[in-house]
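Heads up, the next two complexes both have chain A, just with different partners, chain B and then chain C.
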Partner chain A sequence: MIHPIPPGTRDVLPDEMRELRAISESLRDTFEAGGYGEVWTPAVEYEEVLRAGDENAANAGYRMFDEQGRVLALRSDMTIPIARLVATRFGDVSPLRLSYFGHAYRSVEHTSGQQREFLQGGIELIDVPGAAGEVEVIATTLAGLAAVGLARHRLGLGDGALYRTLLDALDVPADSQPGLLTCLATRDLVTLEMRVSELGLASDARDTLVRLPELRGGPEVLDRANGLANDAVDGLRVLYAALEEEGVANQVILDLGLVRELSYYTGAVYEVYDPAVGFSLGGGGRYDDLIGRFGAPRPACGLTLDLQRVHVAQAAEEGLR
Partner chain B sequence: MTPDPRPDLTIAVPRGALLGDTLDLLDRLGVDTAEVRGNDRKLLFEDVGIVTMRPSDVPTYVEHGAADIGITGKDVLLEAPDRDVYELLDLGFGRCEMVVAVRAGGDVLGESLRRLGRVRVATKYPLIATRHFSETGRQAEIVTVKGSVELAPLTGLVDGIVDLTATGRTLAENGLEAVEQIVTCTARLVANPVAHKLKAAEIDSLVERIREEGA
Partner chain C sequence: MIHPIPPGTRDVLPDEMRELRAISESLRDTFEAGGYGEVWTPAVEYEEVLRAGDENAANAGYRMFDEQGRVLALRSDMTIPIARLVATRFGDVSPLRLSYFGHAYRSVEHTSGQQREFLQGGIELIDVPGAAGEVEVIATTLAGLAAVGLARHRLGLGDGALYRTLLDALDVPADSQPGLLTCLATRDLVTLEMRVSELGLASDARDTLVRLPELRGGPEVLDRANGLANDAVDGLRVLYAALEEEGVANQVILDLGLVRELSYYTGAVYEVYDPAVGFSLGGGGRYDDLIGRFGAPRPACGLTLDLQRVHVAQAAEEGLR
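So, the complex of A and B:
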């Protein structure tokens, strides 16, 4: 008789477990060496807590009632619980470096081959504003992946506010903006171009809005975006220079069209790629307003990795040797 | 002359109605499609970086990175909104209409809605159909079928269908007529999000050449 488990979940047997454990140990050692202490938070949170962090409760897929009738949600994201933890338990420690390893949950299509329960590992850096914080988080993550055995991984770097501020700067009417931002978030550049054309903008403004999401690559990207008087572009320029100084810029792809689906990012956003995996290995960004939703405002940034995808990349890397 | 993208990119090519125009486009870009044209059983053409498949499978292969880029119809993309792929270009060919069609010569839908409170509709595009009837304020029971959808209203299974039509000939031959246009669909170029970053130069060069071709 077969007793099934829900699609998108899995049993892990010893061979796989040893390898997964080795990956998390390599990452944990790197994080620990950087001063990041590991924390655990519950897999279930009050739904209102997740909703305070993100209006869609970070796209939580599973909710239930407790015995008092309060709504619980399985976490779909680690950063909101950590922001809650920081605001309520670490009022007087600054700066603060935390790491975590744990499962998160999201609803997926049954037959899509995607994981409903997925293992995340990552870091959050609190009270280090601006480029200094970004560089530390990016360099620590890249070093962690190298310690795991990856060699071809890259980090995409953009600014979540860039396109929005550009729309304001080009006087795009407020009621047209959400549609354009949705096109960008759903990667539908065909509809984006169509809608931008309908706005009746001057041709250089139109070209800027259509071309910007395609600007990605090395520092030349910033030169091509030079015409844009935009704080976000200036911020990326400063950050890229700092990454060069740190010696990791060669692993960073500037991506002016990069957006992350969660609403709490306030500045730089990141995604991690490896040529062996068709999905991003993880991502993150700066969220200077998030902790303030649970207590005193504190600048922060962080990056999380999907360890099962890192495992796929590692296995492919070993196959190349 | 830009470098040939073939060695660097794997392209998901749709079999069926879009195949001819897709291969013509690839020919103009300098990809050798002779072997694909000459062999309709073989699926994988590694020398030229082409994999062939049903159009509805293209977003899946591209999302997972099994192909870097692909060509498929907008109808397929609308029906698979959760597939995380870049939609880079409207290629213009393969133009079709997604329509509501009923038996010619009567207001079947209106009558069913008035007396029974809902319409029954068969389709291979349940998401598109559900959204269309919801947006037009009509209760609808959507019946998903896999094969010839024209059969469904003729046998009394449903009141009407939502389907893709290029010329309307199949509809007419089965005594059906299009009564509502939902959306015009053309072929689109899609890309895997990771390949879009890691193979930016190759993909941009291809997109630029297709734009120049005025496809």
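So, the complex of A and C:
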């Protein structure tokens, strides 16, 4: 090709575009029916503002200078800009329900074949703390994906603080922790086991750090984690009961090894799957400390979907029928 | 505000977002009914690719380096990326009708208060040369704006080559021409007159250069331009007759001073207005040489609308009723 486009970006032709628009519209209708009003934030923000939300969020994106020499960045996620927006424009609306549809950008290895331009759609729920907030966000997302035509989609549910608590409780040195968390975030349990074994821990502690991330399934996995990271496990128990009450627990898989890459999650974290495809369709979690970095602290949780991945899952599901 | 957003960008809150979505959907329905399939191109492109389309288009935008040191830019218009797309992906579809909805970016003076992030929607018609192509693009756009709820919108119609031809015919030195064309593009007829008077031309020539851009109205303005830039005037006469046949000439105002800033226009140029607001809602023109810069030459024309401006016009029209 004589006139290339940057690696990780793509042109979308009309047939695919029509299907992506239909997915967006189904999700938007579901979100709107749930009271989530759509907002738009600029694709370009000051890097220092994004960095206030998460150190990695600013580093990950494309960066450029403005004519004053200030560093700008393409947003790499939508949650940090919306946290800024909530703090600066929605001080007196509570609870607050917002949705968004737009592109986010991440720079990746030149040869990795990974995407850099992501079409994202999602929701943020502000000022509904605890299980009530999680249940609403999870149920709304599952309903949105059903409206899109998925039938077998599942949500993995973990706690972003669980493994961190465990690392502290088992006296894992602070400088070894980030490496282990990265293994978890990338689901590289082989490297995790290797690194854990190099720490020189007692065999009990070693087993716990290696086995706990493998615990996935129904509420029985919580019993098997008993005595470890009690706050996080108790939180998941309460949340799972609330999801049962809402009638969506059958679509939720507890996953004690679930960790999200961004550091702003403070409690429950989610990831969305479909059995027809081998990758996550999106994810999110509770971020009770993030809005406070831009103004008055407010509890919040949210979930974002990668619409191109939802589209692939939708096509794969249709192919299986 | 402690956490600012870059000048020229804005956050859009739910009420406005809902109205912008409704505008996009009305336009998309009109375009789709006319056979225009929506495409998406990456917001980030290689600067040298954008520069192949128009020198200014690459300079105007935000620029950044990738990890290989190549210069990337945020697209500053949608027509150049679509010309690239047409040349590389649609070699065997003819005629070809494409539409787009997305943001484009232009850097502006820090203190100017002008926008930098534009929500654009528009169409491109490839391989329908001459008046037939123009009439389709103009009629489709006018119908789209009617679907949005505008009733008094008008389209200004000129020829991008007309004034250039005139400058050559009247022996205006090449180095004086760009300044005069910039005055025209920015509608600064006072400075135009001053600059023309400094050229030391005969009074006939001076009058022509100052008076011609003031000619606006029905087909009678073409008669008043007789003998000047005959090819361009004849082209406009044929096009106006075709617009009359299509039944849309009553919404078209001939404007012999109309010049668009981008250099790729080769013939007719358009600008869209509404009497309720004092600014253009969008514009476009014929660009028969642009696609050839990326592959095989193909005649084409198109028109883009600034959807935030269309929204302001819609609100102003509703306010007047």
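Assorted remarks:
Rule of thumb we're sticking to: the second predicted complex is superposed on the first by the 277 of 321 C-alpha atoms of A that agree within 3 Å, B and C clash if a C-alpha of one lies under 4 Å from a C-alpha of the other, contacts with A are read in each partner's own complex, and residues count from 1 in each chain.
Here, a contact is a pair of C-beta atoms (placed from the backbone, for glycine too) under 8 Å apart; a residue touches a chain by one contact, two chains touch by 3 or more.
Bear in mind that the values here come from a model prediction, so they are computed numbers and not experimental data.
When the shared chain is aligned, chain B comes close enough to touch A:Phe279, but chain C does not. Using the contact criterion defined above for the overlaid structures, shared-chain residue A:Arg187 touches chain B, although it does not reach chain C.
Contacts of A:Pro42 after superposition on the shared chain: chain C is touched, whereas chain B is not.
When the two complexes are overlaid on their common chain A, residue A:Arg216 makes contact with chain B while staying clear of chain C.
For chain A, the partner touching the most residues, choosing from chain B and chain C, is C.
Judged by the touch definition given at the top, the superposed model places A:Ser107 against chain C, while chain B stays out of reach. For chain A in complex with chain B, the residues that touch the partner chain are 109, 112-113, 154, 156, 186-191, 214, 216-217, 253, 255, 271, 273-275, 277-280.
By the touch rule above, chain C contacts chain A in their complex via residues 1-6, 9-15, 17-18, 20-21, 28, 37-46, 49, 52, 62-64, 66-68, 72, 74, 84-85, 87-89, 98, 103, 105, 107, 110, 116-117, 294-295.
On the side of chain B, the complex with chain A involves touching residues 63-66, 81-82, 84-90, 188, 192-198, 200-201, 204, 207.
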